[in-house]
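By written order: A, B, C and D. Residues from 1 in each chain.
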Amino acid sequence: MAGNSFGNLFRITTFGESHGKAIGVIIDGCPPHIAIDEEFIQSELDKRKPGQSKITTQRKESDIAQILSGVFEGKSTGTPIAILIPNEDQRSKDYSHISDKYRPSHADYTYQQKYGIRDYRGGGRSSARETAARVAAGAIAKLFLKTKGIEIFSHVSAVGHLESPNLDVSDLSHLLEVRESNIVRCADPATASEMISLIDQVRKAGDTIGGKISTVVRGLPVGLGEPVFDKLHADLGKAMLSINAVHGFEYGSGFTGSEMRGSEHNDIFVKDNGEVRTRTNFSGGIQGGISNGMDIIFRTAFKPVATIMRDQDTLNEAGDLTTISGKGRHDPCVVSRAVIIVEAMTALVLTDHYLRLKAYADEK
Amino acid sequence: MAGNSFGNLFRITTFGESHGKAIGVIIDGCPPHIAIDEEFIQSELDKRKPGQSKITTQRKESDIAQILSGVFEGKSTGTPIAILIPNEDQRSKDYSHISDKYRPSHADYTYQQKYGIRDYRGGGRSSARETAARVAAGAIAKLFLKTKGIEIFSHVSAVGHLESPNLDVSDLSHLLEVRESNIVRCADPATASEMISLIDQVRKAGDTIGGKISTVVRGLPVGLGEPVFDKLHADLGKAMLSINAVHGFEYGSGFTGSEMRGSEHNDIFVKDNGEVRTRTNFSGGIQGGISNGMDIIFRTAFKPVATIMRDQDTLNEAGDLTTISGKGRHDPCVVSRAVIIVEAMTALVLTDHYLRLKAYADEK
Amino acid sequence: MAGNSFGNLFRITTFGESHGKAIGVIIDGCPPHIAIDEEFIQSELDKRKPGQSKITTQRKESDIAQILSGVFEGKSTGTPIAILIPNEDQRSKDYSHISDKYRPSHADYTYQQKYGIRDYRGGGRSSARETAARVAAGAIAKLFLKTKGIEIFSHVSAVGHLESPNLDVSDLSHLLEVRESNIVRCADPATASEMISLIDQVRKAGDTIGGKISTVVRGLPVGLGEPVFDKLHADLGKAMLSINAVHGFEYGSGFTGSEMRGSEHNDIFVKDNGEVRTRTNFSGGIQGGISNGMDIIFRTAFKPVATIMRDQDTLNEAGDLTTISGKGRHDPCVVSRAVIIVEAMTALVLTDHYLRLKAYADEK
Amino acid sequence: MAGNSFGNLFRITTFGESHGKAIGVIIDGCPPHIAIDEEFIQSELDKRKPGQSKITTQRKESDIAQILSGVFEGKSTGTPIAILIPNEDQRSKDYSHISDKYRPSHADYTYQQKYGIRDYRGGGRSSARETAARVAAGAIAKLFLKTKGIEIFSHVSAVGHLESPNLDVSDLSHLLEVRESNIVRCADPATASEMISLIDQVRKAGDTIGGKISTVVRGLPVGLGEPVFDKLHADLGKAMLSINAVHGFEYGSGFTGSEMRGSEHNDIFVKDNGEVRTRTNFSGGIQGGISNGMDIIFRTAFKPVATIMRDQDTLNEAGDLTTISGKGRHDPCVVSRAVIIVEAMTALVLTDHYLRLKAYADEK
């Protein structure tokens, strides 16, 4: 109820502040007998961690995941899996200059007002560092989904006004390789180069920039999602909107769809090799809130990072005008690291709904 | 878990199919001593009901709400409030021609696959008729919020490519009056006229069209929303995405924000008559998932209605190609009626988070 | 959160006051394709309803259940099943003499203090009439469990100091017949006669008396129940303790078990026709919170009904001493009607855990 | 949903196996500004830990709690409090002889059947070691309740047939001191001596014995508990029944109350120094599921520990008859250590309901 848990049957609870002893997560409801590949979990964390490249923050954190429970002889046992990620490189003194100042467009002011107390170092609980715990849990979910043949692919489809052209998504493994071949994680190499230049230029100007991430899910069976409030896209939307800096979510035709006519938007059912498919996929693979077997398609919009390397006017806790100067080590653009968070949250939603489907199915 | 409940401390559970005996809702967690104005509840339902004007479906349903419990001598008692809305005008035979056909971009196929059985008449549970129950519950939530001085205003800001210019939102009551003065529920009269012509033209062509609804919330205290997964905008996003035909949600700067620089996007704190405010409001009144006292601003995108008055190819349950013809009485554009659903869902989210804030507050 | 829902995957929400328009229940999460036998639901309600015999209240209520949704052509569709039970025979004036008096050992005082407002007629929401909604929902759960070969049997095993001898429970259907052959619902005919005499004598004295109900569940597969907080017996215990007037719950060896040695209490595993069984069943069919395939056995204790036909001292809302006189039509002993409520709550818990088991199972 | 969380607004999630790296707990929903006294938390853990005296297991574990998050400068911040308790003294080889045998009246068989895999060392997740995490969380809850003047007192009221006489409970602090002055934790010194002798004798015989714990809560305001399913005693009952080895729960008059007449059982309201009180307290401080301001009184029954130092027949995983010999270091009677677990679970339930009351209150 205090909002640090996500999911129902596959439920995670995260804890930890940016500059405390550790962050971590408990995953409750992982089915037994899933092979828990610790190297995979670590490789996922490595994709999110700071200090990866010149276009991410230079802060160094090794983000080593320790599994404390729920795994026996390499397999999940059905009991809670706790994962601990100790904090390192805590230059807490970097933050002493802002201990009583409200950073613009950060959560300092709202936390102080809501709780009357906050760990101001590094954003405390509002720090994007919390998402490392989600990535670790998402890796477990991905390992579960892999046993069902379900693939998730996200990439950076826009940085600022720079948009990737539409991709041929017929081979998601190949796209994943292309994505990982560049530091911005865009699966179109030409656009990737432009994006990297743009971010570098923004960084040198002491500024930051927003972007968008596009996601495709393949191999989902028909039937995931509940019809009324827990529609599959409603839960995906909440998952994405819960990620730091996300300001928008759309699936299928999205905002553009609202400008279309029904006669062009309707997805006509066809038979394709004995399978029911739709000719177009404006529905984004979800009809009436329930997966229809087509690719799930959605897009997530991130605002520019709030911490800039420039002086800004602001207020302090006493309510007086003051100036805050840009210090510390921050990302000029968050999307290249957020790709893996988007995938993790997607995996969590899908695993939860997969288990929900199992609970009610098979009676027919 | 089966997805027919929404909210935590202020929790609603809806039931009922389009062509069953009744639909309805139980509201669990309404605080005691709220004056339950039945005329207000009915007036809200009247704004959603079909048959209001030439640009909505001509289906007639009186949608009369009956309160069955939880109210004593005109006030809530703290016990569950059950509201029943009997179904009328059930021309179930209108649907016999589609009993075994999957309407394109409807939920027929996914329901049949998920459950192996469905009430095909009028979409059964996937019918937008279910939202009448949400509007009744939302009316109760609005009555609660009114006691706290919290106002919610939504209007149709786009139909197809037609967009309303930015409004002066200083007087929400006035805007509400303007909105209610035209049948499309756009608060800009000139745009409203154009929208009505456009919808009428689309309707005559046997087609449908999408649109967008913009929402402003005023008077919210600082502190609503939980920091990690249950961010205020994440819960608002899920609420909106759970409404039939919604394909996108954005708050504050939204998708456009993802094209901006941090230096232009950051909302600078200022003191205004002793109050902490921000100079701009790209944050949409929410920072770190928590309300900051500024207006909450968001936008919801609706795809075009799937039922069109034209013949379409499709498949039947046997998997054979067939033709489905447009019949029945349907909306050419759903947004003018959906305005009140958006407000209702907003009210439900805000009331829930208001009570959550109370649970944890005051210890400082 | 306001406490009117029970269960997770098979979740019910009840509403309604004793003297309002109706009471009822929404069942969310009933799997599709369950044959919904309305006559069976009604027969269950008839076993709970008042006015059945000389040892129950003489209040007459027909308790006719109306299914409003979730059933199509006689089968559950997977969508919420709403059941309405209109109130009748509301002699609300019977209660005018107590509108501002706190009846001893009733909920009048606590409701008034908690909510500051209450429907004083007939106990409002604290009335045992609310359990009719549970019985209707429990009947649906029983129909589900029947498809799995799971049987539930409860009977009155004690009234006051009168205890039934241990029964031969090899044939639960036969015991059910015996139970229904007498008005007190004890499956031992000789004890039943004594119980009826005792209750009659208590009733004539204007007094009331408590009792106990014993339950046996047979046919449950191994594996129901979650290991830590949601142990099967913990959920059964909560279910029983949520029934009006219940003051105690024990399973397996229960309170007596706490007086035993481990060497006599341990249930030794044996092989019986290829099945794993235990020689004794002090565990009550549950080990580590999880069903082990043996009979589930538990016992529920009911205090005497608080409303007696005698004058009692009490306080009124102003805090002044006053006298309350016994009026109205009340039960001298509640257990004969509560048998069916105990069975209903048992069915709800088992169905919920059955679905939970399905969600996580089959991965091995 | 997998059952490792407890509570709603004050919600704990535990993790960890007996012989894994660590056990621990996340507490989500602790209000901010609570002084977190780490010494107090440790002193609570010390009361539960093994190896305290000759009548507990001789296994040595220091059970040192490490707070990882949610506390800043000695105070709770409103964010999740994670507590880690590393495992030590893991003589896992002690368990090799039972890796494929089902210990009688343990959870070995049900876990193996439910999950198809289990960490057999020390009972894995079914080990009472899990309760250390509850005690740590309960200590936080006690610190919260202390700020409200709410006291919880439990003691061993029975070991086998040996029952403590009724205590004068007017001074709970004094009783606590008496309780802590003897190793069995009974607040009646004479009975305590007898209990210790009895347990010692049982231990020497290689056997175990059950017992009962009685609890009194004082200082609770009127209004805690929700009226229908989440009655205060129903949630307390579930909490107690979720503790390992508990087979029964009763509150107020309990099982004895079911043998009484209404005329003797009813608690008559009286005015006492301006306060509303009841003359007797058969209701155990709870009426209609809601606290009435009187002492909360309940009793919990524990079966004898299943591990005995004798040879027992049993089955192995292959289903063959085998013998299991008593080895390892185990408790002859669990109640003296369980006293603190009972108090912890009580504190968790009360804190949760306290916050729930706050959410809905104050509107009148």
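Operating definition for what follows: a contact is a pair of C-beta atoms (placed from the backbone, for glycine too) under 8 Å apart; a residue touches a chain by one contact, two chains touch by 3 or more.
The structure displayed is predicted, hence computed values, not measured ones.
Trainee: What chains do chain B and chain C have as common neighbours?
Mentor: Neighbours common to chain B and chain C are A, D.
Trainee: Between A-D and A-B, which chain pair is linked by more C-beta pairs in contact?
Mentor: Looking at contacts between chains, A-B has the larger number.
Trainee: Greatest Cα-centroid separation from chain C: which chain?
Mentor: A
Trainee: Distance between chain A and chain C based on Cα centroids, please, to the nearest Å.
Mentor: Using C-alpha averages as centres, the distance is 46 Å.
Trainee: With centres defined as the mean C-alpha position, give me the chain A-chain B separation in Å.
Mentor: 26
Trainee: Roughly how far is chain A from chain D, going centre to centre by Cα mean, in whole Å?
Mentor: Each chain reduced to its C-alpha mean, chain A and chain D end up 39 Å apart.
Trainee: What are the residue numbers in chain A that touch two or more other chains?
Mentor: 1-5, 8-9, 14, 29, 32-33, 78-79, 114-117, 125, 227, 356, 359-360, 364
Trainee: Please output the residues of chain D touching chain B within their complex, sorted ascending.
Mentor: Those in contact with chain B are residues 1, 9, 29, 31-34, 78-79, 147, 227, 355-356, 358-364.
Trainee: Taking the touch rule as given, give the residues of chain A at its contact with chain B in the complex, in rising order.
Mentor: On the chain A side, the touching residues are 1-6, 8-9, 14, 102, 104-107, 109-111, 113-117, 125-126, 130, 158, 160-161, 202, 207-212, 222-223, 225-231, 233-235, 237-239, 241-242, 247-255, 257-263, 265-271, 276, 278, 282-284, 287-292, 301-308, 310, 312-315, 319, 321, 356-357, 359-360, 364.
Trainee: Within their complex, state which residues of chain B touch chain C.
Mentor: Touch residues, chain B against chain C: 1-5, 8-9, 11, 13-17, 20-24, 26, 28-29, 32-33, 66-70, 72, 75, 77-82, 84, 114-119, 124-125.
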